[in-house]
């Protein structure tokens, strides 16, 4: 459906160059809801703008629907773009038109008749919760309301590819939730392909089936939602996931622990999928007379899959503790022993780009 | 420090009225980091713009630093504004100026000398991770980079009130984290008062000491961070908190439970503060020979306080289960019995405004 | 007013109205598209075309270089072709149009350049044709500014009609010059200037009002 | 070129340069502040002042209503006060300035109205004084557009200098009219128009270039 | 404006100045008595009036001398024909500062009309005053600054709009002002320091297109200027010899 091959993008400025994208290779299949995360300035917007050729690659090829965009005549490109909806990071609404008119523009361009437009736009505005603002102008809207106008506009023509550049960044979680729900529905119903740029891992978690992580113009990691959440390889990816999957014990708890006591052991357990729902921990403790104290816990649902992180302090004799440890290991529970100082605090990787 | 008294704001449009704020009363103390959350269109931006009088109330009084803004001469208002930094939801950067120039404008207005400006701006740009973009123009920046310019600009003059309208909405969690860290530091160091509008509960959680929740132009709930997180009163507040404190069992788990079995009981436990660090659950279970199965768990840190939610299935005889239940109650653990169907799924309250 | 009659004044007012309205209308019909073309074909425009831009830009410059009276003479054959004569009110309209087109084009060019680039991108992302981009995006977004530009052009036209007397075009400005200035009649000057001020005042206020409406919706 | 000499041409070029440059400079010094004032005092402006706005607006309208030649005569006492004489190149500059100020004011007004309202808010939130808002926010943000407006005004001035001949102001435009047009000398017309085209071409291209730089930084 | 026998409507190209007023006051009534109606079109620029005449949009004008018509015919290939000379107001040198031509001094500013026919007359008047000499080869009807051989008093000659001359007289030392402007500006013609000689080719004439010169209406206009009625009118209205009356009309 969408394929980026060896994409490079360089912005030239006077004498200097800014390499916004480096050697990007990416394939997005039909019906995917593909999420891209990355630090601010990583090149996400630049990447998404390649797909409808608003930005042309300095090097490399963009293939959409088996068509190489660089070979396309302007007219063909236009026809293709008509089938690609885009939600812009900065909304790009027409200040001179009402909400209703803004949303109806894509339909006007196609020559859709008035009645059809009216029905369709009314439905869309109702959906994004802006029916009462149909006659308002953009400068009378709140930030989130503007963003919702942008969303409605992108959906107006039932595109079969939808590009969302931070489409919900200005929205509260509930509104975000309902928008994502909608996207999921139209993705299922019409098999449309969705590319989502976001920095909110919750958005990724709720809707994406595949994820790519960008850093400094490169895709540093890519995979299915579960892959990425369960086994993040790169530090950046781990940091992103940590924002919603809290597997690190906060210092305030860590500081109360006594690591020198041989009768205590702190374990970080990771349960995935089915073993998350067995009473594994209590079975083990019961069996070896060890008393577990749950220090920290997080269970995350990933579109039907369960990912659990549990930090427990085992209290008992050193032998029994060891036996419990072994038992859990056998049961395929991911285990990490927490020792004094091994606690990696979420490093603030600050991007300078 | 900041007091809003009986504020009403009505936008008149042709014949119709839009009541953006209704009867707002709010007091923010010196040194507070005050968070305001609410749905898109709730009136948050309108509220924050009252504080520096960019928007004048239709009715009511705004008092900042013991000065009633409606009585202030334009010159006094200007002097006051100089001490109030503002980060705008839409950044409002000068397109014709570089990043460096944009950030230095507030200092230029005060007639600060070139060298001081250079030192201060360099420090700020380093801080927000934009040192390498000092000479770039806004249209060469990514969304998050623009936002960081806005942040640096608001901080340039060391204001003693800082107004942040969705100051981190375009930033990835790491960058957000480091910005919030900075705000916290300057809040401590200079006792500056910060008013933060956001829809990200994580921001509230990480930095605010007090929180107000807005809905349809009204403040529907207000309190300290812990109050709000532990005992949300309004449904809207609960929904917001639920976005980071996952205390609801996802349907995928709920569906596997057998509520008709008398030997099983599903409890939703809430641990607050110190009892979260005691092995209460295992003690109870051990004592009454009940086997706990942890179904879902979430522990949230609130600036040093721990709030734990644990959903467990207790397996044992009905009597023992009941005893365990009682024991936990005695230990001041918050308990809710989960029964078939009592599971309230996060309702998508969609705002139509 | 010793030397002019009421009938003369009324006739002159009608002539001015005729010259201004027709040349504004046709000048806008020519100037707006020309301004649009300049913006489209410019470096950074959505239909960048250096050759076309240079040609149009030079054409505009050349016409704008000509003092009105020279322009008037230079296009006499063209004027005769169009209106059958080279004198009178009708004949004055032709050079007025030619004079105002490049002026409007420049003002419109300036107005259009202020349109937010993001909106053009949105248009392109929707697959809009160039015509659609102009019709649905560029022009509506620049409307307030274009209205003010046309107001400025209209008042410029009133100034230019004063020179229409040269070829017997008549009009209030011509009365001011030939009956007031050339015949040393201060009363006539004051009176005609008064009429002109009222004209200009109405046009400017009307333009301001429309522009305000377009900007504030 | 039977009837004109090289010396005459050179003198005329210098006269045109002198008239255009001085009246542009002083016209901009008058017109830009006037345009700024119009925007500030307008309804919705940051220093809304209906009385002031109406007065300035009317003043601009009145001056713009006057045909150049009438303006020239009307301000003779003022001209004499300023330059000591009412004839010659210097004396022509005074009415040229008066003529161009309101024109520049209107164009600048239009340019400033396009400045994003959010930026003015940012300025106010910083506690900027009105002067600072103008200096650090309004003018820099509108710079590209203002440059194009001044370019348009400059070319308008060249057209107006052709009328400076009336009071012995001289200049290329005057040569084109009195030695070319009125003495039936096509060669002179072509030659002087050619010089004017080069003038206009240079000014427009220079203006475009500066504006492009200001817009694209 | 067809040349038909029944043509009873005459269109005159009007230029500001006394000639058209004389026509309106004295000739038009005579023509109207003969059953003509007279329409007029205003021109502020004589040259465009000529074009209109050639084109047939107007039938006649009364604002030029033979020299100007000849020059126009030569340059533009027109066929303008004078049919009768008419009373003419001579140009003269005026000054608000000086009482005599002798007070001329180097560097003084002398204003002259910038339109070619009046300019040529001005140069000849300046030569008559003895302030300049002209090149022998110069065509006396198309003189320009460049035809000056010797600027004896080193005066600065400023060409300007003729209607400006009375208005600028305070700033000028001397000015050559055409009679029509003297008339319009209501100046006292008697205050002229030196009048031009109205030579044959400087006498104002009624001009029509050649094809109309024998038409009945053209003959009637000539007749009107030569009529006794007009002679009486001139006697009434030429008290201080403001008008120069050509031989034919005496």
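For clarity, chains are labelled A, B, C, D and E in written order, and residue numbers in each chain start from 1.
In the analysis below, contacts are C-beta pairs under 8 Å (C-beta built on N, C-alpha and C of every residue); 3 or more make two chains touch, one makes a residue touch a chain.
Please read these numbers as outputs of a predicted model, since none were measured by experiment.
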Chains touching both subunit A and subunit C, listed by label: none
Farthest chain relative to subunit A (centres taken as mean CA coordinates): E
Between subunit E and subunit B, distance of the C-alpha-averaged centres to the nearest whole Å: 90
Separation of subunit D from subunit E, taking each centre as the mean of its C-alpha atoms, in whole Å: 37
Residue list for subunit A, restricted to those that touch at least two other chains: 90
Residue numbers of subunit E (touch at least two other chains): none
Subunit C, residues touching no fewer than two other chains: 69, 144, 177, 181
Pairs of chains found to touch, sorted by chain label: A-B, A-C, B-D, C-D, C-E, D-E
Interface residues, subunit A side, partner subunit C - complex: 52, 54, 77-84, 86, 88, 90, 92-98, 105-106, 108-109, 137
Touching residues (chain side subunit D, partner subunit B) in the complex: 116, 118-119, 121-122, 124-129, 132, 136-137, 140-141, 143-144, 214-215, 217
Of subunit D, residues touching subunit C in the complex: 43-44, 57-58, 60-62, 64-70, 73-74, 103, 106-107, 109-111, 113-114, 144-145, 148-149, 151-152, 155-156, 158-159, 162, 173, 176-177, 180-181, 189, 193, 196-197, 199-201, 204, 208, 211-212, 215-216
For the subunit B and subunit A complex, residues of the former touching the latter: 11, 13, 18, 37-41, 44-45, 89-90, 129-133, 136, 140-145, 147-148, 166, 169-175, 177-178, 181, 199, 201-202, 239-240, 243, 246, 250, 252-253, 256, 277-279, 281-283, 285-286, 291-301, 304-306, 308, 310, 313, 315, 346, 348-353
Subunit E - residues contacting subunit C, complex: 13, 16-17, 41-45, 48-49, 51-52, 55, 57-58, 163, 166, 184-186
